[in-house]
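Structure record follows, encoded as structure tokens.
Just so it is clear, A, B and C label the chains in written order, and each chain counts residues from 1 on its own.
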Amino acid sequence: MTEAVPNRVIYGRTLVELGQGNPRIVVLDADVPKSTNTSQFREAFPDRFFNCGVAEQNMICIAAGFAASGKIAFASTFAVFASMRACEQVRTSVAYPRLNVKIVATNAGLDNAGDGVTHQGIEDLAIMRSIPNLTVLSPSDPVTTRKAVLAIAQREGPAYMRLGRNPSPVLYEENVEFEIGKMIPLRNGDDLAIIATGNMVHQALIAADSLAGQGIQARVLDCHTIKPVDKAAILDAARTTRGIITAEDHNVVGGLGGAVCEVLSELCPARVKRVGLKDCFATSARDYRELLAHFQMDAAAIQAAAYELCGSKSAHIPSRSSARRSTP
Amino acid sequence: MNRIITTKSHNPRVAYGEALLDLAAQNPKVVALDADLCKSTMSFLVEAKYPERFFEMGIAEQNMAATAAGLALGGKIPFIHSFAVFVCGRAYDQIRQAICTARLNVKIVGSSAGLSDFGDGATHQSVEDVALMRVLPRMTVLSPCDAFEVKKAVWAMAELEGPVYLRLSRNDMPPLTQAETPFEVGKIQQMRAGTTLAIFATGTMVAIALEAARKLEELDLSAKVINVATLKPLDEAGVRRESKGMQGVLTVEEHSVIGGLGSAVLEALASSRIPVQRVGIQDKFGMSAMSHGELLEYFGLTPGRVVAAAQSLLRDGGAS
Amino acid sequence: MRLEECPHPVPLIGAALDPMKTETNPRHLQRKACLLRRHIIRMVGVGKTGHIGGSCSCADIVAALYFSVMNIDPAQPDDPARDRFILSKGHAALVLYAALAERGFFPIGELDRVKQAGAMLQGHPDRLRTPGVEANTGSLGQGLSLANGMALAAKLDASNHRVYVILGDGEINEGQVWEAAMFGAFHGLDNLTATLDRNGLQAMGPTKTRLDTGPLRDKWLAFGWHVVEIDGHDMAQILDAFAQAKAHHGSPTLILANTVKGKGLSFAENNPGFHNGMMTQEQYDLAGRELDAALAALDDPT
């Protein structure tokens, strides 16, 4: 598979794959199955699919009821509704009792360009991260999306996963190792580290290519698990590079950027630049790339952050690594 | 307007109710809505005196938030009330979609925040309300440290154009400021000077931090204590200024360590090199207990714990 | 199952209930309900708040469910074929705890530790801590949805077990309840029986004056439910309603139970102050005497 495919299409396919192998899988949707692609499961297993209508709170609690009865319940809608309309239900009926509900929310971030602010979930990672007992994922490409869906199905307990809307380029071979809580290094480099998630991983790679052309070697890490976040990878980046850039299709408050800052400041203070939506609402647009550029969340913005980090006159952080670091 | 900031009661809810009533008396645009908890949130004081400006919404927080949005569009200044866990969590979509995206002048009051509703247990104890509110663009988040600040916050909220969230504890809080102490939204306030450590605290934890600083002094460690009454917009320049030259920074909050004051301070200090340790609820739900104090003890929100965190921070220096 | 001596000397009937045998005598079940109320006031005690009113108003219904209607076995709490109960009005946790203790899901002594830090019995039901609790409730309006999920799961698995849920009449202010009502009827969840504890009071006063929910029977009928209206303290009517629900096919049943908040305690009956109220020593002692008298009056002369 080499062409770009929306990750949500892969989600739908993987649900069918799961449904074939496991009769305990049930899938619920809040009246957007064609968008979320739970429609694929509906076609394959109509008896195990439930469209709850435009009633997200009811849906999440029904999913909880299923899970309490021994099912593995997947519940889907747009990220903005899954995280907000049903926020308290996720917290109280799913996370608090640690029920086996997998909330897979699509059309996350500014990737949902046309619908505008009310449909662009730019806070969901911060929200879900703040809820105890919840695993939070944000895979970047079709290959890892499939692996992530399989992984959460296998892992007992509540999970939240966000997926975008548009086709995502394939970044990995099929045999890439995927483990919840472990970042995937996509590119080596010791001048700085770009820790990105979801759609922004691709942007990070574009930025890193460009930076390499100017002699700046950027490490790129795919942070597909926002919670539990890979502390070891973050600390290693802090110790062995000049600074870290985080990149997310999300508010710079509370999401990946917040998670990385939390790890660093307590254990290994380092310089961090957060690329993301700067605590504002976005707008509608015809094209996602337009929004990324306008709100300074694209590869160019990552590059600009890199120049700030590398151009700074601040002292280096003493390296604890004995590896030779390349200098620009 | 004649603002009465003095208060006989050190209960934040009582102080809140008194201030709201004063405000309602002087500003006819102020209306109050509640979700069947008005005697707990104290909005019943408005119901009693100005029944035409009080709306019992029943146990229907979402409807309350969206109705408040409508009232704001009609030129009113609505204050909506429930327990923090319900007003933030249950009405979240409405707060974001109806209120924040349109920057409406709705004031959201989260009562019995944190672990302060000790008996009812986890479903009633909000450990994540600040995280939820902080991530919303255009939201202001206030967390007063004593009854005087509660009253000042109420007046400040009414003057601010746009959505504001006020976090209130349930139980008495010792007076830490005075009626005359200035209160400015968006500005931190140093409560105690110090030279080695900076302790940023908010709400109920400011008293805890001050007590810890006194204990640290006995151990020859000088800690400054800063009251962060505005969690958003955080006074980032002030945070950096107070942190400069310190050997370490502690944050203390009756809230999850994820997404609240600690995270806000970390985000502000993201490019500095200073080690920070967050004291707060370690990503867990609450539970029932026979007293608030028991829960604070259980979750490590005590002066002793803050002292231990300070010592560990200074010992380990944050580098590993 | 062991019999624990109650700190107040109240003779127990049927505490060690044979799971194969259900109690059918209304008088015995009424006595059980009295016993549950006795436990409730002891759990709250003097000088501390507790949701006395709402716990007492549904004690008869809970007694019927736990000692007659539901197919449950405390020795097999995870039996997939067991009936499920959700206390959607989770603040009435005390009555649930009393019933679970009496049924033998945990030692009666645990009732004395309710709400203590780290205790098995939390302020609101917690399935991770308390044997026999099926769902975490306390935030109102979520239980009927949970029940929908469980009822659907039962149908998927072709299991005959039933799902029971109790809602409060203030609770139905919550929009989610109506989402769940629509859904339950749409999916023909006839293995689901909801009971609406209509005691006419919510936290801040009478439902009629705080937020009148209007003609409830008509509303639930309009939502496609089978409705049975009863006196929620008449055990014969309660048992009959549950039997009707079991026999009804094609749609879920709503038992509209007219009750008295604080039933059984003269000072608490119809008193909004006891939604989450505090008893003085005098009131506590009076409650004890009233309930002991009621228990004695219901003693089986044989």
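To be clear about the criterion, a contact is a pair of C-beta atoms (placed from the backbone, for glycine too) under 8 Å apart; a residue touches a chain by one contact, two chains touch by 3 or more.
In this text the structure is predicted, and so the values were computed from the model without any measurement.
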* To do: Specify the contact topology among the chains shown, as one of line, ring, star, complete or other.
  => complete
* To do: Could you quickly compare A-B and A-C and let me know which has more C-beta contacts?
  => A-B
* **Chain ID, smallest distance between chain and overall C-alpha centroids** => B
* Structure fact -> Averaging C-alpha coordinates per chain, one finds the centres of subunit B and subunit C separated by a number of Å equal to 36
* Structure fact -> Taking each chain's mean CA coordinate, subunit A and subunit B are separated, in whole Å, by 30
* CA centre of subunit A versus CA centre of subunit C: separation in Å? -> 42
* subunit C: positions in contact with at least two other chains -> 126, 136, 138-139, 141, 175
* Asked: For subunit A, what residues touch not just one other chain but two or more?
  -> 88, 92, 96
* Among the residues of subunit B, pick out those that touch two or more other chains and give their numbers. => 85-86, 89-90, 122-123
* **Residues of subunit B that touch subunit A when the two form their complex** => 85-86, 89-90, 92-93, 96-97, 100-101, 122-123, 127-128, 131-132, 134-138, 256-259, 262-263, 266-267, 269-278, 283-285, 318-320
* Asked: Which bits of subunit A are touching subunit C when the two form their complex?
  -> 26, 47-48, 50, 52-53, 55, 57-71, 73, 88-89, 92-93, 96-98
* **Touching residues (chain side subunit C, partner subunit B) in the complex** => 48-49, 90-91, 114-119, 121-124, 126, 136-141, 170-171, 173-175, 202-204, 210-211
* Asked: subunit C touches which residues of subunit B in the complex?
  -> 34, 36-40, 44, 56-60, 62-63, 85-86, 89-90, 119-124, 287-290, 294-295, 298
* Residues on subunit C engaged by subunit A in the complex (per definition of touch) -> 80, 84, 126-128, 134-136, 138-139, 141-143, 145-154, 156-157, 175-176, 179-180, 182-183, 187
